Amino acid sequence: MTPFHAAGLSRDTPPSPRYRIFGEVRVTEFLQHLVNGLSVGTIYALIALGYTMVYGVLKLINFAHGDVYMVGAFSGFYLANAMGVGGSPSLAKALVVFVGSMIICGILGVLIERFAYRPLRHRARLTSLITAIGVSFLLEYGFQLPSIPGLGIPFPPGPTPRFFPEPFTRVAWEPFGVYVSNYDVISFFTAVGLMLLLQYIVYRTRFGTSMRAVSFDSQVAGLMGINVNRVIAGTFALGSALAAAAALLFAGSRPKVDPLMGLTLGIKAFVAAVFGGIGNVPGAMVGGLALGLAEEYVSGYALSSYRDGIAFAFLIIVLLVRPAGLFGSFRPEKV
Amino acid sequence: MLSVKDLVVHYGAIEALRGVSLEVPEGQVVALIGANGAGKTTTLRAVSRMLRPTSGSVRFRGEELTRLMPHDIVARGLAHAPEGRGIFLNLTVKENLDLGAFLRRDGDGIAADRERMFSLFPILRERMSQVAGTLSGGEQQMLSVARALMSRPKLLLLDEPSLGLAPQVVERIFQVLRDVSAQGVALLLVEQNAHKALQIAHRAYVLETGEVVMTGTGAELLASPEVRKAYLGE
Amino acid sequence: ACQDKKQEAPAPAAPQAAAPAAGGAPAGDKLVFGHVASMTGNEATFGDSTDKGIKLAVDEANKAGGVKGKQLTVKTLDDQGKPEEAAVAATRLVTQDGATVLLGEVASSRSLAMAPIADSNKVPMITPTSTNPRVTKDGDKTRPYVFRVCFIDPFQGTVMAKFARENLKINNVAVLRDVGNDYSVGLANFFAAKFKDLGGTIVADESYKAGDQDFKAQLTAIKNKKIQAIYVPGYYTDVALIARQARELGIKVPLMGGDGWDSVKLYEIAKGALDGSYFSNHYSSEDPSPVIQGFVKKYKETYGSVPDALAVLGYDAANVAIDAMKRAKDLTGPSIRDAIEQTKGYQAVSGVINLDQDHNAVKSAVVLAIKNNEAHFAATVNP
Amino acid sequence: MRPVRIVLRSALPFLVALPLLFALQGVISPGWAIVLISAGINVILAVSLNVVNGFTGQFSIGHAGFAAVGAYTAAKITTAMHGLQIVGLSAGVSDQVVFLLALLAGMVTAALAGVLVGMPSLRLRGDYLAIVTLGFNEIIRVIIENTPFLGQATGISGLPRLTTVVWVGMGAVATISMARRLVGSTHGRALLAIREDEVAAEAMGVDTTGYKVRAFVIASAFAGLAGGLLVHLIQLCTPRSFTFVKSIEVVVMVVLGGMGSVTGSVVAALVLSFALEGLREVQQYRMVVYSLLLIVLMLTRPSGIFGTREIWDIVKLPGGRRKAAGAETSP
Amino acid sequence: MSTPAAVLEARNVTMQFGGLKALADFNLTLLPGELVGLIGPNGAGKTTAFNAITGVYPPSAGDVLVAGERVNGRRPHEICIAGVARTFQNIRLFKELTALDNVKVACHHGRKAGFAGAFFLTPSFVADEERITARADEYLEVMGLSHRRAALAKNLPYGEQRRLEIARALASGPKVLCLDEPAAGMNASEKVALMELIHRIRDQFRLAILVIEHDMRLVMGVSERLVVLDHGVTISQGAPEKVRKDPKVIEAYLGDSYLEEKKIAVPGAPTP
């Protein structure tokens, strides 16, 4: 027994789960968790959408998506600083930063597809999975490099986290002791708005139709007169732009950006996407919210140290009941 | 309207086409027959750019197709009902048909054509809102042909349209093909049912191991002893 | 005992390690400091700071004529924050690059992987920041070649517990630990134990994972627990966000932490959310002592940024080694080791360092209070 | 006389390898030894994962989880036996025996975990299964971090250093011959059939569910072996060595080597391990170069280094079994 | 009423897909060595009948007996072991495996050695492998595919792929062989060859064969008995000659033009 164990400290902490699980539930606390869960869940959902759309058209887990999210945050960071948002916040500036980063990431997404995935389009899908991982590493570790001198801006940002200037002043309300800030509200409604917009694009527009056609069989889609390359590029642009949006909405109230910020969030969003039924747009939204709330209430009412474990256990159980996720349909193939 | 010259296609090491040349005149029916693995499908795929030929040229109304993408080719009035039917298994019969008309904007025109297809293949009307993946083999084949027709093509490539169809339906398919060509649509038809194909073909080519070994009018080939022996099983 | 026993064992696969390796044989006319650090990966920022600190110390030494007429070089090998890589890197440094002294690692989990290699190759190793007691231990005996210049968890944990109970008169605290980080878990455990000994109660014990961005779930759970303070023994990278979100949720009580907090980034991101909070540290940058002021100034000049605790301890680790090498009778591993063991009253930036028989640095800790987004000296706590 | 031949046949690789490994161990410098050993451990991980991802066509991204199970089991046993000595054996020999038993125990527990995770695979396909394996990996981590008995985040330290070139070498040989003999057997073909077309395989009498679980069990057992070897190399057993990222690294090796190609996995594992080692010098640029390497390799050899084939299908060694190689050229 | 001799028996097998009854009260008795044709319009339920018999979809109602033993509800591989092998309407070969390995996969009967055997190369295992390879080669031989032994299945032309599927099915040592449109995609002369092949298989392996085919000339040529499905209902069965003249069949399936077509379709008929 090492002295460390001999001290036997780890034994009396953490407190037994029973005390926490059966501890009385306060309404305000419950509502507060609801608010928190929603504000994180919507972000998961936005990122999950990117995964799910790309998966739809390429059957590819775009591992780099979480890092596109990170790039989104940093483009926001650079834009905001360039425009001196920190000094004099204003909604107009915030909007410019927001749209600007979405565009930057849209372009990034298209480039990634063009150079890392398209050459492998007709190969086994695991092949492009590896390039995806490669791109992911490239972004993560590329951004960890020391800044290039004489560039004017600190790029690459390097490993130390940076402060994301607040785009506008925080206003907070406390209806029945539940803390809600204008950031939460804006973030929530923007996210929902974007999701509805996407829903419309996918199911109501020609682009959406061709997107779905490509997702079912890209070669035949070509025979129908659909420009497959453009559809796929468009899908990447959309997904990546959403990731940027998510990044800014998130960084707004959690103003820390660093090159690996996309890692954890990316995985969680991917899980959310699968949870809702990968390739399925509404599924991704519900999956994101579900995961956000699940995590929130697990760490709120059970044991936060078991959070990830319980979240995954919960996910696995759901998958065992619905093998293709909440919304994914899983019909036996016709033989 | 379509002229293929010295088309060569490789699958990795395998040379599937070794310089195929053929002509499809405006509004005519051209049949392409040959044993399994002769290269018929490959020819069609190369024409509609589902695969990139190694060399050779494909001209459609004077325009080189080998440089275009599949979707441009469709836009120029060339439809392809591929081997293995290539229908969207997760979409309903109706959605499949509508995708066939993807490039068309005339809403009621499309609706009218859809009706026409249903009258040609009543079973499809019955299955209209069923997911295509659950259709029987033959039903899928019908859907594939119907969908190709939805784009109102000037030239229609058909890869074994009668595959797996009941005799009655085979009859109907070939009747449909006659009508279609009567409306001035040219057909490039790959068929194992050589007899029927040659019957409606103005002109026919026989393919063996990636090369054209014989050509002539449908009647001539139908009469030729080699063809009767090799492809009509006599 | 087992270790040695195995070495003369004729067993077929007896470990190589014992082979009389290049243990401290100087590479040419230069003395090599082998530094194992996380230069990439999610702890890159810490490895980076330590490396800067070490390099600064070595430059000074070289300018001052080096050691025993020899110049020093630092050879840094990346371990991506993985224990197995730390082991490989350490082995390479001692056996291939002929490192005279091993420095590193930031995290105990990696130093634990390096320690056996230092011992079996008879190359002294000084870890700047690994606070887990086990790092210098092999079972219950002290590892002959492994030293550290930082506090150990039991000390730093109890420092804050004492301060909270005696100076702040706090009875109820919540603990929020980084469950994946041994440093954080260690501090949390020892703090909790001491705090209870002193009659306080731990009313909530929550966890997060380094890299998390949102802590509101845990904080909400803590919020309604009639707490007077929250002990958050994490790294500044997470603490800053935790502080902000705590305030946003209307948690007004002070936060308390350890030396992992010490970085300007903390204040930059927390934006005043930490005012009224306290953390234990090795020194206060307000301390007029020339050693400290000189270091801070030099560091600013060289790297254009304010040093954090990791840079300070890296600097000290290197200097303790250099000091010992000057005193050592020759530059072989064993003699340097003996010299390091003799280190008494060495005036380092992080305080006066005495190494005890467990090879741990015995030095007083300071508690810093954060007021209008700056750390100010609050108290000194002696071991 | 005949039984002797059989024993010889099945033990041949080991009989050949053992003396060579001892010789190698004799000459190699400790610096290179540890590099080689870590590479060897990656070989074991990659080849075993190939049984699930490559042969059976399932998609597991939680291999490190199984390694963790094996590692902690082995570590617990050797630490418990630390200093103790089996009567009648010299200290050294006794330790080696204990080590062997510990490794085997690790393989067993890992295999049990394999059954656990294999079960869902009966119902789940593709990326849904992937998520389950990933989840398992994370759950293992969380459990360890919360279990004082397993040392929480700090893990178990002070393990005896038992892993050597010989041990890892033999482990790798065992894993490789396992995989090779498996694909060559009816059972192996059953796995391949499942990868190719599950419905057809079942219609041809292959118990698809049973075989999938078996694949998982075998793969995890050897992952457990790798785990046990790793922790007795670094004399420390922490959750940090078995993260999701580690699992991904192994997947990369398998795909890069070529799905279903055993020699491919071996080569990829070695190449990547040594590449990463060589790049250690370049500090921060290390992972950047590495990622570029990945991308370029994949773009230039899209179906992996060897595709689904084995090395001797490409460079024709005398006596090398012809497989796909013949087919490609036959018209 | 159950005929003990029957190798395959379907009793009132019904298959329901949501609202659609794809197969209704399907009854069939196959005696050893019998050659029966299953015909009917597209979507009549022929393939569904196969799926119900081979367990791909468990029947919604009714029983399936193999050699007098109830097998419905069992998993497909169990039914295969019990003695029913099939081919698929849209070819399902193991594309990346060689022709030989495709066949070997199905050779599992009489296999003794387990996984351990494989790892330790025990004698019984080695013997197994040798026997399996030998047998697989036989089946390739029979289907005239020996020269393709080492070729990847995906690179075989369509016709050979169909033959390989039959070889694979045979390798599982079935009592009943179900062929789903074996001639699809073959030209007339290839079909003639296939016809002979089917007869040869039947005689050589003494199995009952149930074949779905739309090519009248082929079914008429091979089958001793025909069963006609339409909308899942059996509308006629009996000797080919009788069935061919059945107005219900002509109306639902063959079409009037058929009589004119049969002139060139039936072998030996005088040709213009």
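Some observations on this one:
Going in written order, the chains are labelled A, B, C, D and E, and every chain counts its residues from 1.
By our rule, contacts are C-beta pairs under 8 Å (C-beta built on N, C-alpha and C of every residue); 3 or more make two chains touch, one makes a residue touch a chain.
Remember, predicted model here, so these are calculated numbers, not experimental data.
Any chain touching chain A that also touches chain E appears here: B, D. Pairs C-D and A-B differ in how many C-beta pairs touch across them, and the larger number is found at C-D. With each centre defined as the average position of its C-alpha atoms, the distance from chain A to chain C rounds to 34 Å.
The distance from the centre of chain C to the centre of chain E, each centre being the mean of the chain's C-alpha atoms, comes to 73 Å. Averaged C-alpha coordinates give centres for chain B and chain E that are 29 Å from one another.
Distance between chain centres (mean CA atoms), chain D to chain E: 42 Å. The set of chain D residues that touch two or more partner chains comprises 141, 145-146, 152, 154, 157-158, 199, 284, 286-287, 328. Multi-chain contact residues of chain A (touching two or more other chains): 2, 4, 10, 14, 141, 144, 303, 305, 307-308, 333, 335. Residues of chain E in contact with two or more other chains: 47, 56, 88-89, 92, 155.
Interface of chain B with chain A (complex): residues 48-50, 69-71, 74-75, 79-80, 82, 86-91, 99-100, 102-103, 131, 133-135, 151. On the chain C side of its complex with chain D, the touching residues are 1-3, 5-6, 9-17, 19, 21, 39-41, 44, 76-78, 80-84, 86-89, 91-92, 95-96, 108-109, 112-113, 116, 120-121, 132, 134, 137-139, 179-182, 184-186. The part of chain C that touches chain A in the complex is made up of residues 40-42, 44-45, 48, 132-134, 137, 139-140, 154, 175, 179, 185-186, 188-190, 192-193, 196, 202, 204-209, 211-214, 216-218, 220-221, 223-224, 237, 240-241, 244-245, 248-250, 265, 268-269, 271. Residues 54, 56, 75-77, 80-81, 85-86, 88, 92-98, 101, 104-108, 111, 113-115, 117-123, 125, 128-129, 132, 148, 150-152, 155, 168-169, 171-172 of chain E touch chain D in their complex.
Against chain C, the residues of chain A that register as touching in their complex are 2-4, 7, 9-10, 12-15, 26, 28-29, 32-33, 36-37, 40, 141, 144, 158-161, 163, 170, 172, 174, 179, 181, 250, 253-256, 258, 260-261, 263-265, 295-301, 303-305, 307-308.
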